[in-house]
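Each of the two complexes below includes subunit A, the first together with subunit B, the second together with subunit C.
Moving on to the complex of A and B:
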């Protein structure tokens, strides 16, 4: 009995040996996770805290209010929300059909070697800095849109439409390459099985490849939408930056052909500096920030969810 | 039978003529003449010639890597989908050279169906899977759909198991059922010839037996080309077989004929023994 107890004592304990110094690698990865998560939470909390004055002042009316006159302490983000949504919608409506069709061509029709070259080219386009696209917009699109909107009562090329078109051009490479990845994710055996039944290449794409890749393609679209909503400098250069351009009816298109303001162009403009001294004005700017982050983060979350779903099915 | 070639070409199928110049009454339905396949310059099949008689089950036996699957995919031109594959020689199907560039390959694949090693069902219902090809290729009226589904599933020995689950997703079936569903999908098109690429290699004993029964049941009505590495299976279901071996990295025909002749050939026997040894080792 005593002998057994003695052996028991000699045996090292298995429990409770973990400490910060015992396993530095685990400490490092946990620390990094906590730090990055903490930074995100800190940024979010700061936005909420800094924007508190405007929520107290305007309430929920801040989100959709149509008037922004900071000298009169009137703050409504409606026109900017409208601008952001309109610009992003134009971009998505143009870029997605074109991008998906281009991706189908890339993935299903182009010979392998050419496909690789095209893919590199498209990804190079996706990496061009946005200010370059913005200057391209100033140089080419503004002129072109200026002439086109005249019959609709427009008087300048700096319009929401110009910004939307520019964003479509910018979103196209990403849409093409992500959709192409989604299409390539569909198992090759499925294509061979369809062709083995005597169906054509077009039928294979329409009946098997696109339906299976669809969640991932929509995910790619949402990712592009999130980017479009958050894009600042290119939009800033061509959108006209005119406040309070809210249409009388929500779905009327008249304001598309007019200069407008988006959440990002407002935040990227000089008013942010002006607001710094005034808690209410600053709070309004932070409120715009918070709206922007909420919208883009939900787009990203939706995209990740759908892309994961697409992978699960394929 | 209408010619497979496009209307424009005005295809005039030539008659197969026996060496003596007399029209052969037992003309082979499929004749490969010196067919060679290369991929990226590397030889896969070397001067393969074989004759398949109408209504028979023709087995192709050989070790893995001998190009057996490529051989099947050459017959229904699925190799066209693989980049950098080159096919030389002639493949006469009912007297027409199907390697001709004006052959409508989609129409060809309707007449020569195929079942693959791994079943790939589509993510739709069981009934939709059966109808997948036939409703687009031949056009099935809404009123005829149930009948087409039943006939194909009956022929694939699946009707009893699945008749109450036709609207369920085909992805929930077992592998054996999926493979028979793929077979039903091919049979729904009523092909004259069926290419089967090791259809039972991924299946359990019960599903294997079901598929072998099915092959025996199709005899006389359809011509079947069966690739297998299972010697017992070849003995059980085939009328004639070709033994493929690998020489200098490319598949070649070592011997073809009735089962006894091929199994009796000493060179083939050595090859089969090696294959069986390998399989035994794989099982251990």
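Moving on to the complex of A and C:
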């Protein structure tokens, strides 16, 4: 506590030195901050500006409208929003429980030497380029899903479910390694102390280690979610790219066994090229960009907020 | 070098309309179809590196724009995916249009081994329209297995798609608003069609291998079945095909002639195949 206070005391004196003019270092860091912030604002403003025609044309209906036929000037992003959310939800629902449990095994049960090897392996998996996962999806996953969805009215292996499964596979290594880091961050003394009080290993993990690591695990989840929402090429290859696939009832699951479209698969497709030169169509594509940015940025913001909250409690 | 090229480009554009061709004669101006464009651009880039040809290429106005540019003297070479028509001749009376076919773009309707194995060999335009407009229709209606027709639509903007849409609906804009799963590159079409039961899609004919994907014949209005191969491609009877051609004023000369000769030669014809079109030999021309 005293140490924290000491740091708090030092801060005002540091803050006092932020004059631009005399210190090149301060100028450099401020300049970098302003430049990166400015670039982000510029990009955001461009998206808003260029998407104006579509908001004028469709109004808020653009967000949830169920019909997208650009040749008939119908632009509704609803099915793509649904696709993105469904795909990301499937990925997170599968990857997080599995990833956290795997991390518990890595961090709490595996002997140190084996753990190191596994960790290297998992991190290698996390760095495999997404197009490789995409090809794996085309050659293996879609075949398998194609057979599995038939009882549920599916008729091809390119479905929202396939994309979700593929994203789960892709997000898994990241979830495992970040959760493992979070679990290792809990002090070893606490485990020893609690075991000394007679708790079993399982109880130690469930009652002591996991609760403390939880905020960081949730942060990792949201980072994974952000990645899942933004992933393009792998999704593009297996999602089917079929427009206007909105379920008749929200939360009915039938559509996940069908081909669909996500915000990213639409933006990765040929329409971006076709739209150039047509302000309305281009505006619609920029509108999709804006939606995607808004969603991923809120995910990251949420991750930061939760992590901060967790730290405050601990 | 970059600046010089840019300068040439800019001056070429600025002078094009106003100064006699002699001054800009060194820059070969090429304009027209986006379908032909990739092949010609790659050929020109090769000729620039190897023989120092200077060029400017754009796709303003597509095929029609290319023909018009040659007719008005705004370009030496026009790229077109359709033959010169009566309307073009009316618009440029007395103009000596010279056409050189460099490749053929033929689109096959392809199915996988299961549909082919069940004995489906051809479709008519009406049947294709039914498939396009009624997602979920069964192959039994077309003499095939009791499976849903899984129609993979080539994504919009692809030349293949416009050939298909022009044949089935007269004009891409007339195609009814129905959503299908979409496919892009030829590799993707082949993989997905061969690995999805009941699949049907459009594929550039040069990509049909008769092993993983099979081309259906087209039943024309007089009831004949025409397959996308051999004679039928060469004489234009196969309906889903079009010639890719370069248009010049009279016999091509100078750089235009070098370009055309290159494209007709073995290296040029390899480029044609690389970009997914039928070489002249394949099309029997």
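Here is the rule we use: the second predicted complex is superposed on the first by the 285 of 314 C-alpha atoms of A that agree within 3 Å, B and C clash if a C-alpha of one lies under 4 Å from a C-alpha of the other, contacts with A are read in each partner's own complex, and residues count from 1 in each chain.
Keep in mind that, in the parts below, contacts are C-beta pairs under 8 Å (C-beta built on N, C-alpha and C of every residue); 3 or more make two chains touch, one makes a residue touch a chain.
This is a predicted model, so every value here is computed, not measured.
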### Message
On the A-aligned overlay, A:269 touches which partner chain: subunit B = first, subunit C = second, or both, or neither?
### Response
second
A:72 contacts which: subunit B (first), subunit C (second), both, neither? second
Ask   = Which partner does A:30 contact after superposing on A: first (subunit B), second (subunit C), both, neither?
value = neither
Does the superposition put A:305 against subunit B (first), subunit C (second), both, or neither?
neither
Check your understanding: Taking the superposition as given, does A:244 touch the first partner, subunit B, the second, subunit C, both, or neither?
Key -> second
In this superposition, the partner of subunit A with more touched residues, subunit B or subunit C, is C
Of the two partner chains, subunit B (first) and subunit C (second), which one does A:42 touch, if any: first, second, both, or neither? neither
Of the partners subunit B and subunit C, which touch A:116 in the superposed model: first, second, both, neither? neither
**Report entry** subunit B versus subunit C as contact partner of A:144, first or second or both or neither
**Finding:** neither
Quiz item: Just subunit B (first), just subunit C (second), both, or neither: which does A:152 touch?
Solution: neither
Seen from subunit A, its contact residues with subunit B in the complex are 111-112, 187, 189-200, 203, 207-208, 211-212, 313
Listed in rising order, the residues of subunit B that touch subunit A in the complex are 76, 78, 81, 83, 106-110, 113-114, 116, 118, 120, 122-123, 132-133, 136-137, 182, 185-186, 189
Residue positions on subunit C within touch of subunit A in the complex are 136, 148, 150, 155-158, 172-173, 175, 177, 179-184, 188, 191-192, 195-199
Note: in the complex, subunit A contacts subunit C through residues 69-72, 74, 138-139, 142-143, 146, 155-158, 237, 240-245, 259, 269-271, 273-274
